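In the two assemblies presented below, chain A is common to both, partnered first by chain B and then by chain C.
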Partner chain A sequence: MIPRALLRTVLLAVAATAVVFAATEILPGDMGDVRGAGRASAEDVARERERLGLDVPAPVRYLRWLGHLVRGELGRSLASGRPVADLLAERLPATAALVVGTLTVTVALTALALAVGFLRGGRGGALAPGLAAVPQAVYAAVLGAVLSGVLGWLPAVSLLAPGSSPWAQPRALVLPALTLALPSAAFATVLLRGALTDVLRLPHVADARTRGLPARLILRRHVAPFLLVPSVRVLALMTGWLTAGTALVETVYGYPGTGGLLVSSVAVRDVPVVQAAALIPAVIVLVGMLVADLLDTAGRHRPGRSRRMAPVATAGGAA
Partner chain B sequence: MRNSSLSRRGPRTAFLAFASAASLLLAGCGSDAGPGTPDDASARPVDGGTLRYVVAGSPATASDDPHGGLGNESDVMRFALTYDVLTVPGPNGEPRPRLAVSWKPNKTLDRWTFRLRENAEFTDGRPVRAKDVLYSLTRIAKKAAENYGRLADFDLESSTAPDDHTVVLATRAPMAEAPKALESISFVVPDGSTDFSRPVPGSGPYRVVGTGAQTAVLTRNKGWWGTRPHLDRIEIRAVADPQARASAVTSGQADVAGSVSPAAVKSAKSSSSVRIVTRQGVTEYPFIMRLDTKPFDNPKVREAFRLAADRKALVDTVFLGYGRIANDLPTPYDPSYPKDLKQRTRDVARAKRLLKEAGHAHGLKLTLHTTTSYPGMDTAATLYAEQLADIGVDAEVKVEPADTYWTRIYAKKDFYTGYYGGISFADLVRVGLLSDSPTNETAWRSRTFDTGFTRAMGTLDARARNAALARIQKELWRNGGYVVWGTGDGLDLAAPGVHGLPDGPGFQRMFIDRAWKAK
Partner chain C sequence: MIRMRLDRGPAVPAAAVTFVALVLLGRQLAPYDPERPVAVPWSPPSGRLPLGADALGRDVLSRVVSGGARLLTVSLAASAAALLCGVALGLVAGWGSASVGRAVRWVCDLLLAVPALILALVLAVALPGATAVVVASVLSGAPLTARVVGARCAEVRDSGYVRSAIERGERTPTVLVRELLPAMSGLIAADAGLRLVTALQLATALAVLGLGPQPPAPDWALMLSENLPGASLNPAALLAPAVPLALTAWLPASAARAAGRRMGGAA
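Take a look at the complex of A and B:
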């Protein structure tokens, strides 16, 4: 069971890289065009393309890239010639700090929202979809204007002091993390609310209610365990999405993470950088899903619990 | 050529690669103090301290190669502080010595002998010799595809280094402006340097002590030959978003912000004591008409299109007033600009009459391409289309994706919005206005223009040369394919205590080695 799931994860990761590669191929123009910018002669652009190895057919380039990846090599940036691993290593700590900060707030807010949902018996809940629909840029503008502009509590931009760890400047993390966490939490709440409603409909929960058990106990013992697997799935999704989706926040707050690198590398068709930067969130999502599957399987195979886990796993799967 | 002096956001970074060194030779720029604290020139410089400078830069195009595309301002600033260049722009538009102490052409102006200073030394202790200079220039020439043939007019294979401190540079044709063409971009690295995936030693006023994802930290190079810089340390921070750069200064997290938006300047003006540094004539979004395609093959149509432009309205809307109107010549800041030219103004009646004479009495329908690479390019096209409607022209504005604009639209379509960032007139002619120019975007082919330019480039005397260049610009003004309605200012913000920032033309602003900070 485990080896098969693992194999599936690896195959999906490879498929993800193929999709990303194909997508960058479909985009018009390549690094040769970008370099020439309409000013260089056709011969110069052709020579540049040859130097960068872009004259080789796309499938061959992809397989070569995959071959290097298997050996643990991410290649070099077409734009700067620097090792892709170095480019990512420079920015991953900042992204990691931002993602961890964001997830902490997201988990707390989502738990709070679900607890409120539980206390209201699963009714209501129009707020979360509404908040999830607000664009990130609006959160950035409003939070920045209020917390930094009007109240002056936080720095307007999140520049990191040279040589210092992103963890050393927690104040710089607050605005970007909040900007990402508010819509993430709303989104996670929307995703998990269905699972919660399903659990509340289960016979044993109704049974616990009729027995007059305190709400806190019902939540802890009879509801929360069923939400574990879907929560892990949503968490995996969120983590992957956040790792790839920080570009806007990085731009607005001048924060040096991997999101800006990914987006700007797409714009200049720096395929090796795009591939590597996109691989990281893909792997995070897939590994997270694998963990959720394993938890699910473990739950089902534990004596006496299989019947109770089944409907929840389906609800989570939809997420 | 396009320059990087404007802001760009993440997705717009394709354009970083465009920034050309020629574009950095911005002439005719000045610095004027904003309403805040003026830069007190009489104040006594203070030694020491750290300057934090936020400057445009995108993660995807950050590079340690000073001979490539120079797409990131943050890289160019680091190069300007850590490498020596042969010449820099002088206050009067003429080149000033830097690593080269003097230069002299032969009679035919196609061999230039440069004397190098003898006390320059790389940070690894090796002396800077003529062969390092020749190696660096040759490398720039070889990277033509990356840097738009920045040194294409030099014949480096025929250039020599007769001794350690002399280089003789050959040019392909007489080239009176050879020392000017080397201004600011001739970064000298040690002979034989091949690995540019990390910084190679330089011989400039500062040295790199640390680089990270966003910041380069430089400290004073004690072995530099020039006047000792005041600042101990300079932190260059690459921030892509112009608003984030402005916020960094207004909130006290940085001392200087390069290239901020007019809107940011407007809000900074009302809110704090920051100083606004204005560099004139940095940005322009001309409308390009191709002379070899209908309807622009008719000079009457071109004239009508120029008369339709309400230049003041465009400057006020696109640059929020931070700029000035222009007169259909792309380089009004160049020393060769004809001073005695009549300003074209809006004349709807005459424009309509000309269109009628050209056979378009019932109007004209066409597409005006534009993009969002630089802030306001789309606004400019939209407003101009409205102005064209007044003369009976139905121009549909098509906003193209920024990623591919410069490869698919630029120099290919017959009517589109262009971008220039302070290119010199001579460079503009070489890349786009000679019959055989590589990207002749207006399809301008004129024998009198070509011979006039060749003759000017064979004239050593600057005044006579500029007069000759002024003559051919008048021909372009009468008959060319440009609607140049205005130029926008380059705008920087500086904290009150910062002084000695360069106020010279263009690329000069990257050479901040005379800056100091009040305690």
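Take a look at the complex of A and C:
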């Protein structure tokens, strides 16, 4: 089972590179035109295209690019000429810190929401799906306005230089992390509530209730263990989505991470940087799903493990 | 906690149509030109300008009432395209042979490997913002719809009334449209709400990141980033677009949940 799950992940990772490459390759013009815009002769543009390797057919370029990617060669930024690997490396710690901080808040909020839902009978209200639907930018605007504008507690813009340690100014993490965590906690709650409802229908839970055990004990001993695998699956998804979502919050709050780099590179059509930065969240989603699959396979052999959960991917979630 | 009573029959479509019409025709209701300064920048709310003015002294109320049309149009188009492709793909997967179903599922998994926001951003390198939202919604939404519809279609395929329709000699498209689709209407309605929410989130994100409508166009998402610096001077300028934007996402999500509930599933 393990090699099969691994093979699937590798195939999907290759597919992700193909999707990213195809999406950046439908450019009506290319970097040769952009760089030479207005001042270069057609001959110069052709020479520049040749130098950048844009004169060969797309499938050949894809395979060439994939080959470099596998060897860890990400190429150079078309805008600044710096190696893409350096650009990413100096921004990855900041994004990693943001994602880890956000995940901590998300997990705590989700656990709280599920516990409250359980104590109220396991039937959730409209609050979580509604909150999960509200676009992230609204959270950014409202939190920014209240916490930094009106109350003045936090800096509205993180003034961290790219490459400096994210822990140098921990307060800069609060607004981006909260903005990311609130909707993702709501979303995780929606996803896991289905699993919770299923677990509550299991005979041993009903039995424990009939025996009159206190709700908190039932939750800890009879319900929580069955939520492990679904939780890992949702955690994997959330990590990938949060990493994708950093594109928005890092740009809004000026936080120097890979998400902000992706957005600014999209604006100037710096294709090598876009391609590499876009693959980071995709790879995280795939690795997370692989871990969940492996855990699931390991857990399936034990009797009574519930593998059922809400159809994870049917709910909305752009991030 | 707010409990939406959205499972009340014709009230839902009527309210939805009214809301969409109000948003689309909003510009006609604007008291001032939403793109021209009419007051001192960041003026607080007053009798003349109930929501005050923004960074350039433009009337916030006029900008809010005219700022949803483009966002809603793009989101509706994107979600309709995603739903249409998804349902078609799902019917093919659920109705066709096992190998067709496997192939469709494989393509769906493949497309889902890249998060939707990343897909939209990458597409925005080459495409205009609105087109990127539509394409990204289709590529990341249609697989989800196809999965749900395909699973249900495979279930319904073997039920008595579908079999009898086939026995009667109905052609396959007729069976699909007359027998299968009505049986899945609740499911598709719930899914439509979710697709709309995703499209709206993508459109908002791209607009906030500067890859959508360009200033001075009035747009709820753009207003969020424009008015953030003046949050302490005129908070109304920031909250005024945030509220309808949140509502536009909240309502379809609640409606989708209500539709899911009616089918007996825990949404």
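Methods note: the second predicted complex is superposed on the first by the 284 of 319 C-alpha atoms of A that agree within 3 Å, B and C clash if a C-alpha of one lies under 4 Å from a C-alpha of the other, contacts with A are read in each partner's own complex, and residues count from 1 in each chain.
Just so it is clear, a contact is a pair of C-beta atoms (placed from the backbone, for glycine too) under 8 Å apart; a residue touches a chain by one contact, two chains touch by 3 or more.
The shown structure was predicted, so the numbers you read here are calculated from the model rather than taken from an experiment.
Asker: Comparing chain B against chain C, which has contacts with more of the residues in chain A?
Answerer: Partner touching more chain A residues in the overlay: C.
Asker: Touching A:R82 in the superposition: chain B (first), chain C (second), both, neither?
Answerer: Touch status of A:R82: first partner only.
Asker: Answer with first, second, both or neither: which of chain B and chain C does A:D44 touch in the superposed model?
Answerer: first
Asker: Per the contact definition in the header, classify A:R209: touching chain B only (first), chain C only (second), both, or neither.
Answerer: Neither partner.
Asker: Counting only touches as set out at the top, which of chain B and chain C does A:V252 meet: first, second, both, neither?
Answerer: both
Asker: After the superposition on A, what does A:A13 contact: first (chain B), second (chain C), both or neither?
Answerer: It touches chain C, and chain B stays clear.
Asker: Applying the document's definition of touch, where does A:A267 land relative to chain B and chain C: first, second, both, or neither?
Answerer: both
Asker: Where does A:R91 make contact in the superposed view: on chain B (first), on chain C (second), on both, or on neither?
Answerer: first
Asker: Classify the contacts of A:S148 with the two partner chains as first (chain B alone), second (chain C alone), both, or neither.
Answerer: In the superposition, A:S148 contacts both chain B and chain C.
Asker: On chain A, which stretch or stretches are contacted by chain B in one complex as well as by chain C in the other?
Answerer: 27-28, 148, 156, 247, 251-252, 263, 266-267.
Asker: Quick one: in the complex, what on chain C touches chain A?
Answerer: 1-4, 109-127, 139, 144, 147-148, 191, 194-195, 197-198, 200-202, 204-205, 207-211, 221, 224-225, 227-229, 231-232, 235, 238-239, 242, 245-246, 249-250, 252-254, 256-257, 266-267
Asker: State the interface residues of chain B toward chain A in the complex, per the touch definition above.
Answerer: These residues of chain B touch chain A: 1-2, 9-18, 20, 54, 58-65, 69, 144-146, 148-149, 196-198, 210, 212-215, 217, 235, 237, 239-241, 243-245, 247-248, 250-251, 253-254, 402-404, 406-408, 410-412, 431, 438-439.
Asker: Considering the complex alone, what residue numbers of chain A touch chain B?
Answerer: Checking each residue of chain A against chain B gives 27-29, 32-41, 44-45, 47-48, 76, 79-83, 87, 90-91, 94, 148, 155-157, 159-160, 162-163, 247, 250-254, 256, 260-261, 263-268, 270, 273.
Asker: Give the list of chain A residues in touch with chain C in this complex.
Answerer: Touching chain C: residues 12-13, 15-16, 19-20, 23-24, 26-28, 125-127, 129-130, 132-138, 140-142, 144-145, 148-150, 152, 156, 190, 193-194, 197, 240-241, 243-245, 247-248, 251-252, 262-263, 266-267, 269, 271, 274-275, 278, 281-282, 285-286, 310-311, 313-319 of chain A.
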